[in-house]
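Across the two complexes that follow, chain A remains constant while its partner is chain B and subsequently chain C.
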Partner chain A sequence: MGYQIPRQKADRLFARLKQNYTIYAPKLFAGDGCFSDTDIIRYGKITDLDEIEWNRRSDYSFKEALLAINEVLFYFTEGETTVPPCPEKKLLIFLRSCDLHAVKRLDTIYLKNGAEDFYYSRLREKARFVLMGCWETCDTGFCASMDTNRSEQYDLYLKLSGSSLWADCKSEELQPYFAEAEGTVCDVQPDSVTENKEKVTLPRKLSVESFQNPIWESYGSRCIGCGRCNFVCPTCTCFTMQDILYRDNANVGERRRVWASCQVDGYTDIAGGNSFRKKQSERLRFRVMHKIYDFEKRFGFPMCVGCGRCDAICPEYISYTNIINQLAKEET
Partner chain B sequence: MGLDINTKKAKKNAYRISKARGIGASRIRVPGGYLKAEILGMVQEIAEKYGNGIVHLTTRQGFEIEGIRLEDMDAINEMLQPIIELLDINQQEPGSGYPASGTRNITACIGNNVCPFANYNTSELAKRIEKAVFPNDLHFKIALTGCSNDCGKVRLHDFGIIGMTMPQYDPSRCVSCQACIKGCKSLSVNALRMENYKIIRDEEKCIGCGVCVTKCPTRALTRSKKKYYKLTLMGRAGKKNPRLGEDFLIWTDEDTIVKIILNTYRFVKAYIDPSAPGGKEHIGYIIDRVGFTEYKKWALDGVELLPETKIKDCVYWNGIHFDR
Partner chain C sequence: MKNEYIPFPSQVREIIRHTDIEYTFRMSFSGSVKPGQFFEVSIPKYGEAPISVSGIGAGTVDLTIRRVGKVTAQIFERYEGSVLPMRGPYGNGFDIENYKGKELVVIAGGTGLSPVKGVVDYFCEHPEEAVSTTLIAGFKSPQDILFRQDFERWESALQVIKTVDSAPEGYRGLTGMVTKYIPDLPIVDVSNTDFITVGPPAMIRFTIMEILKRGVPEQNIWISHERKMCCGLGKCGHCKMNDTYVCLDGPVFNYAESKHLID
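Moving on to the complex of A and B:
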């Protein structure tokens, strides 16, 4: 149901939500960018509507709210292991349409790809999603090309405009908060874009021969293997394991899982010292093919949601969208 | 009527007396070397109206308009006025040109206006110092550089200001990719290592260059909110004893630097050799004569250092000695 809620009442509503939910939203971290006096927008816990960055796409995606960059799986002492408890509060995660489509990709990997992942599953059950509208396209995104520019799968849609909060609440669980907020019932439709500056055509006839395409060498020679494209991506889900042993007693410690990047050294290392994808060109090819080809072969839809963050963050100005379009063009 | 020029006054008014009789040059100081492009047009106009059409880009980020006739100085000063105003140069009497030339133009690398390595806005700080010290006839050279690369060559100056940042590490964002460690090793001083998959920074070794921050792909490493500086002292070229400036304060702040520079002007007034030719004796030589301990007492008068500031209690300079 749709509501228009005056700002003061919206703040009271937000305070009530805060009591029962940990709220994650894109936030401006002033001065935390790579370079001096530059900012970064990434996810953080918020306590106030004004902390939310409504206007610009976040540099890093929402995924860290569901998949911590470092997550302790268990602590071990000499004879036993302890699994850290799941946070008690439910989660309210603010995100845009492309990212809401990315949740489906995370679910596919962690819940529908063999056994359910215990840690993801227990947090995911607690997560509710608040859609933020896009009234104009971001610079590098291509959601319209990927059909992710609209989403109906939200629990709540919120928009802060003028002196009002506009809401469309689909979730029964959240409905009571709005019923008692004393807003005006009205029709609220999420803002969405229908066209982007970037337009992408996915190649449809990729084959084993594509492995030999000179495009990989050409872009691979520019890649520095920093992994930013993976870390900002809302659909990259890879992690590695780390066992931390106490220095004085190596039988006591913790096991963590930590975000991994298929572009960074070490990703394909195996016991015995071999490594499968040594060259940056091979790593880059793997990433692109995974996003637009082999994931789709398995699950029926492409992994990439077209958020455009990888293009925006690449310090070497490697354009993933250009690579895809070049591959598609060669097919015609 | 013969040409009658007070050359001392002309020099202090930022004119050069050239080797050609009756011909000089107009020197335009640009603090921090950062200027609106419209000034270039004004410089061109003066050069073509009163000069010989040639402009030298000086070694201290100024313009020198060549081939002017010394009797045109007043007319040139009128034309310099909009430049002086755009550059916000301290001036007591409008239309009188640059009011002093002893303290040299405060130079700066491009800094964080543009450069990814820089740790602060060099031209802004250059302008702040300019406002604090000019006009001044004492011979000081001050230069600023954004990071420890020292593209500004500040260690050849009496005061060298080098931007620093104190890396802030959030282990919960660190993915152990080691980009910071590799960057620090190849581009800087190898102050980082990994222990239990997390980064340890050797605080003794770290020079606050910020390379690790620029390399971090997850924002586990970020810059300190506070901007820090290294202050180096009494580097110089020259005939007697060219030498690099030595570290005095490490992890200091802007206010402290400005105070120390102003204190140094007081020190120089107290100790300058009254018989020095042209009333000019470089600070470095005064400190050589008086001793660093006495200088330090003056420099730190009324200064409260940050708790994190490291101070060098004794500073020795080496360099090449042609005077022994």
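Moving on to the complex of A and C:
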């Protein structure tokens, strides 16, 4: 149901939500960008509606709310292992339509590819999603081309505009908060863009022959293997295991999984000095083919949601959208 | 829900020493398991290593481990009378049914013999279930030969070609790469002959070339792939090739279905 809620009452509503939910949303970290005098927008816990960055796309995605950058799987002492408890509170995650579509990709890997993942699944059950609208396109995104510019799968849609909070609540669980917020019932439709500056056509005739395309070398030769494209991507899910020992007691430590990048050295190294993708061009090919071909072949829909973050973050200005469009053009 | 990441303790029941750096660890395990599947041996503080099942007994599985680095060194340092944490089994493994009633040729290089050893053992105990069973096993040198006691058993029931790449003068056994013995293999009916080949990537490549020269159909060839694996559960992504996860869909693959896989 839709509501218009005056700002003061909205703050009270938010305070009540906060009691029962840990709230993750994109925040502006002024001056924290990679270059001097630049900002960065990434996810963090918030306690106030005004902490949310409503206008600009976040540089990093929401995924760290469900998949921590490093996540303790268990603590160990000499003979025992202890699994850290799941946070008790439920999660309320603010995100845009492209990212909400990415949740389906994360679910696919962590819940459907083989057995369900214990850690993901216990957090995912607690996660509720708050859609943030997009009223104008971001610079590098191409959600309209990927059909991810709209989403119906939200629990709640929120928009802060003028002196009101506009809401569309689909979730029964959240409904009581709105019923008692003393807002006006009205029709609220999520803002969404229908066109982006960047337009992408997915190649539809890719095959194993595409692996031999010279395009990988021509773009990949510029890649420095920093892995940022993976870390900002809302659908990249790889991790590496890491055992950590505590300095004050070498018998005690923890096993973690930490985000991994298929672009970075070591990703395919096995004992005996073998490694399967030594060249950056092979790694770039691996990433792009996964996003637009391999994943779809396995699960029936493309992995990429068109958020455009990888193009925005690349220090070498390697354009993923150009690669895709060129591959599509070669097919005509 | 089961937390797959937590290893269970498994008792080391017996150690079989093959070489200085290759031992078989007979571990207690009573679940269902197939040859060619693997366990993650999981040593807190040091990490995990995927290791193939090299033998299956009553209440035990064998893991034949080559000491090459951090985790495997720990296994060698601490096994005596001990318990090793592990998790698994993972992967598809070999399906014995595929090879019954066939002429079966197993070609293995070095520790590559581990994952297929269960298949060889099976047809050694039930030779009548295959038309014939041949094992071609290659090792670097006479010192590197694994499973010496098993070879005695196998040689009495199967056709066995045990070869070393190079040997000191006076060595009485066979020498040369495994590929050298493929052209002269007696094969009655290529369409009813299955090959299994496991070993280093280069060995697999050349072996398949030789097998194909014999006119064996691609779908009669089986391989087991080794890739980096951090989970064994289809989550970490490291083992992926094209749309295939080696840990879930493999490590055993039919050649006809997997030859298009590119890293």
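The criterion applied here is as follows: the second predicted complex is superposed on the first by the 326 of 332 C-alpha atoms of A that agree within 3 Å, B and C clash if a C-alpha of one lies under 4 Å from a C-alpha of the other, contacts with A are read in each partner's own complex, and residues count from 1 in each chain.
Rule of thumb we're sticking to: a residue touches a chain if its C-beta (ideal position, glycine included) is under 8 Å from a C-beta of that chain, and two chains touch if they have at least 3 such contacts.
Model, not experiment: these values are computed from the prediction.
*Asks:* Could you tell me if A:227 is touching chain B, chain C, both of them or neither one (first, second, both, neither)?
*Replies:* In the superposed model, A:227 contacts chain B only, not chain C.
*Asks:* One more residue to check, A:115. First (chain B), second (chain C), both or neither?
*Replies:* After superposing on A, A:115 lies in contact with chain C but is clear of chain B.
*Asks:* For A:297, select first, second, both or neither according to whether it touches chain B, chain C, the two together, or no partner.
*Replies:* Only chain C is touched by A:297; chain B is not.
*Asks:* Given the superposition on chain A, which partner contacts more residues in chain A: chain B or chain C?
*Replies:* Result: the larger residue contact count on chain A belongs to C.
*Asks:* Touching A:260, do we find chain B (first), chain C (second), both, or neither?
*Replies:* Touch partners of A:260: chain B and chain C.
*Asks:* Looking at A:269, would you say it contacts chain B, chain C, both, or neither? Reply first, second, both or neither.
*Replies:* In the superposition, A:269 touches chain C alone.
*Asks:* Can A:83 be said to touch chain B (first), chain C (second), both, or neither?
*Replies:* In the superposition, A:83 contacts chain C only.
*Asks:* Is A:192 touching anything from chain B or chain C once the two structures are fitted on A? First, second, both or neither.
*Replies:* Neither partner.
*Asks:* Which partner does A:322 reach: the first (chain B), the second (chain C), both, or neither?
*Replies:* Neither partner.
*Asks:* Which partner chains sit in contact with A:74 here, chain B, chain C, both or neither? Use first/second/both/neither.
*Replies:* second
*Asks:* Go through chain A and flag every residue that touches chain B in one model and chain C in the other.
*Replies:* After superposing on chain A, chain A residues 245, 260 contact both chain B and chain C.
*Asks:* Going by the contact rule set out above, which residues of chain C touch chain A in the complex?
*Replies:* These residues of chain C touch chain A: 1-7, 44-49, 68-69, 72, 200-201, 226-228, 230-231, 233-238, 240, 242-245, 247-248, 260, 262-263.
*Asks:* Report the residues of chain B in contact with chain A in the complex, numbered from low to high.
*Replies:* For chain B paired with chain A, touching residues are 112, 116, 118-121, 146, 163, 165, 171-179, 196-197, 210, 213-219, 222-223, 225.
*Asks:* Using the touch rule from the top, collect the residues of chain A that touch chain C in their complex.
*Replies:* My answer: residues 73-74, 76, 81, 83, 109-110, 113-119, 121-122, 208, 211, 237-241, 243, 245, 250-251, 253, 255, 257, 260, 262, 267-272, 274, 276-277, 282, 286, 289-290, 293-295, 297-298.
*Asks:* For the complex, give me every residue of chain A touching chain B.
*Replies:* The touching residues are 29, 31-32, 34-37, 40, 42, 60, 68-70, 226-228, 231, 242, 244-245, 256, 258-261, 264-265.
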